[in-house]
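Everything below concerns the one structure shown next.
We call the chains A, B, C and D, going by the order they appear; numbering starts again at 1 in every chain.
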Amino acid sequence: MSLRIIATGGTFDKHYNELTGILGFSDSHLPQVIARTRMTIPVELEVLPLLDSLDMKDEDRQRVLASCRAAAEKAVVIVHGTDTMKETAEVLGTAGLPQAIVLTGAMIPYEIANSDALFNLGFATGVAQVLPAGVYVAMNGQVFAWNNVTKNRAAGVFQPL
Amino acid sequence: MSLRIIATGGTFDKHYNELTGILGFSDSHLPQVIARTRMTIPVELEVLPLLDSLDMKDEDRQRVLASCRAAAEKAVVIVHGTDTMKETAEVLGTAGLPQAIVLTGAMIPYEIANSDALFNLGFATGVAQVLPAGVYVAMNGQVFAWNNVTKNRAAGVFQPL
Amino acid sequence: MSLRIIATGGTFDKHYNELTGILGFSDSHLPQVIARTRMTIPVELEVLPLLDSLDMKDEDRQRVLASCRAAAEKAVVIVHGTDTMKETAEVLGTAGLPQAIVLTGAMIPYEIANSDALFNLGFATGVAQVLPAGVYVAMNGQVFAWNNVTKNRAAGVFQPL
Amino acid sequence: MSLRIIATGGTFDKHYNELTGILGFSDSHLPQVIARTRMTIPVELEVLPLLDSLDMKDEDRQRVLASCRAAAEKAVVIVHGTDTMKETAEVLGTAGLPQAIVLTGAMIPYEIANSDALFNLGFATGVAQVLPAGVYVAMNGQVFAWNNVTKNRAAGVFQPL
């Protein structure tokens, strides 16, 4: 089993800029995170432009789709912002690709205390290896089919429709 | 889907005692860890005596087995020391229980920098929900059947036989 | 020697709100931080309204001055935003109080990886106990008199005029 | 003002070896720690053999003394184990050197959650710049003269004789 991780930004990968005081993007944390996980399977990391998912346009989702289409791995984890994770999942889900593609993210950035990022990445990595081909959202320790998930923004959690 | 997490100690849960300078056990970190994961599925935590797995005796493994037997949940994650994880997996594997039981642990304690504990817990939680009934070891981003796994102590990783 | 710590907010005490994605203020981190320092001298914590120092008005600085005036301790540390630390230092400095009053803060919030907050608090706590009465800014491992300091915003450091 | 930091090991600098499970020594954390502090004064780091201070022999203390004697800086901070910090302070104190020499350390290693290491380093760095020539122990937010300090091992704190 080999794994592709596609970084697209989102809360998971936000970085605090100490000169501006802004939480934005710099280099992805994922190379360091992947080293920390001590994974022994082959892992390919692909870093796309890092975006707040509220800023994602159709062309950005098409870029994610193109990366999935081109991936040789049977298991793909996409690190994505939570606000439009569902929209990207729809673009991927309707494409009918032959892989298990799992979108995940974080409610608290990896570099901030008490972050759920590392747990979510582990969770998504696990289900991506075991689930049949399809597109899924994996958040809060729960797996959702791409067409049966929504983010409850008031509670900050994902739930079925 | 509901989940039972059984804490048995191991590197994952070790705690630095600042008076003695010893890495041993105090209260389990798992209540705090579970809160951090923001899981939305029902999670039952069962804390057994916390042990270094090198100190585990047969009766300790029987206690873990009894907990699994008594569990109502279909998905069970056992946090365990890595050194004898394989031995406990054998005790559980030969019992033929009707659940997906996944043993995991950590190479670096949860409370020490660069720990893999949170990733491993996420990984185990994911595969426990998706795998068929059986006993598995989930470490280093890889799932092993209970009867096809060994710890390579020199490299600090798990691998198939 | 006893110590008063006055919390006024600033980058040091910012908190990531996972529902809004905004770095703002919630409860001060200082009770937890002070416990972590294991200080054996008497420490009194006074939490004023937590503000980004760019939002501080004259009345806010007067409130800080009033707290210093009322303090029984000979050593006072003020946790403050860096952007207008100099302005508050001027208000306190011209008041000629009989204590060693030391303003400090952080370039990275306490709860974000690689934060300088804990170092700066230690540094300020040290110099506040040893310096003669007066008002000082203590940042980047350097002590400045209140009337000979400025923040170099491009470099993110404090320096003499 | 320039500063010399001398690393001698101790709890501050202990490192968890994930292959052996032992808390011992590897590379010093201090280069990374000093970068984190964002100090703007010139800082010279000197790394001596890293030792548990219970393992320090007379020759080890003489080596620390030789480093202090050779130091051009007026402010010297020594990162040291807490168990025999007092003994090394005596060796240095009776030598009558012309600098402010401040010994500090940690009750919890820098790399373990809730560590006091960064606070203590900041505290020692502050008092070393302000105190007159002499030898001091700076722990728990308190400064002690080298000949009026003892470690209360039951409570894990330093106190005057």
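Keep in mind that, in the parts below, contacts are C-beta pairs under 8 Å (C-beta built on N, C-alpha and C of every residue); 3 or more make two chains touch, one makes a residue touch a chain.
Values in this document were obtained by computation on a predicted structure and should not be read as measured data.
Engineer: With chain centres set to the mean of the C-alpha atoms, which chain is at the far end from chain B?
Structural biologist: Following the centroid criterion, the farthest chain would be C.
Engineer: Using the touch rule from the top, work out which pair, C-D or A-C, shares more C-beta pairs.
Structural biologist: C-D
Engineer: Mind checking the centre-to-centre distance between chain B and chain C? Centres are C-alpha means, answer in whole Å.
Structural biologist: Once rounded, the distance between the two centres reads 44 Å.
Engineer: Can you compute the centre-to-centre distance for chain A and chain C, using the mean CA position of each chain? Integer Å is fine.
Structural biologist: Distance between chain centres, rounded to whole Å: 38 Å.
Engineer: Averaging over Cα atoms per chain, report the distance between chain C and chain D in Å.
Structural biologist: 25
Engineer: Can you list the residues of chain C that touch 2 or more other chains?
Structural biologist: Residues 107, 114, 156 of chain C each touch two or more of the other chains.
Engineer: Please list, in label order, each pair of chains that touches.
Structural biologist: Those chain pairs which touch are A-B, A-C, B-D, C-D.
Engineer: Considering only the defined contacts, which chain A positions touch chain C in the complex?
Structural biologist: Within the complex, chain A touches chain C at residues 11, 16, 18-19, 21, 23, 107-109, 111-114, 153-154, 156.
Engineer: Provide the residue numbers of chain C that touch chain D in the complex, in ascending order.
Structural biologist: Contact set of chain C toward chain D: 1, 3, 36-41, 43, 107, 114-116, 118-127, 129-131, 138, 140-143, 156-159.
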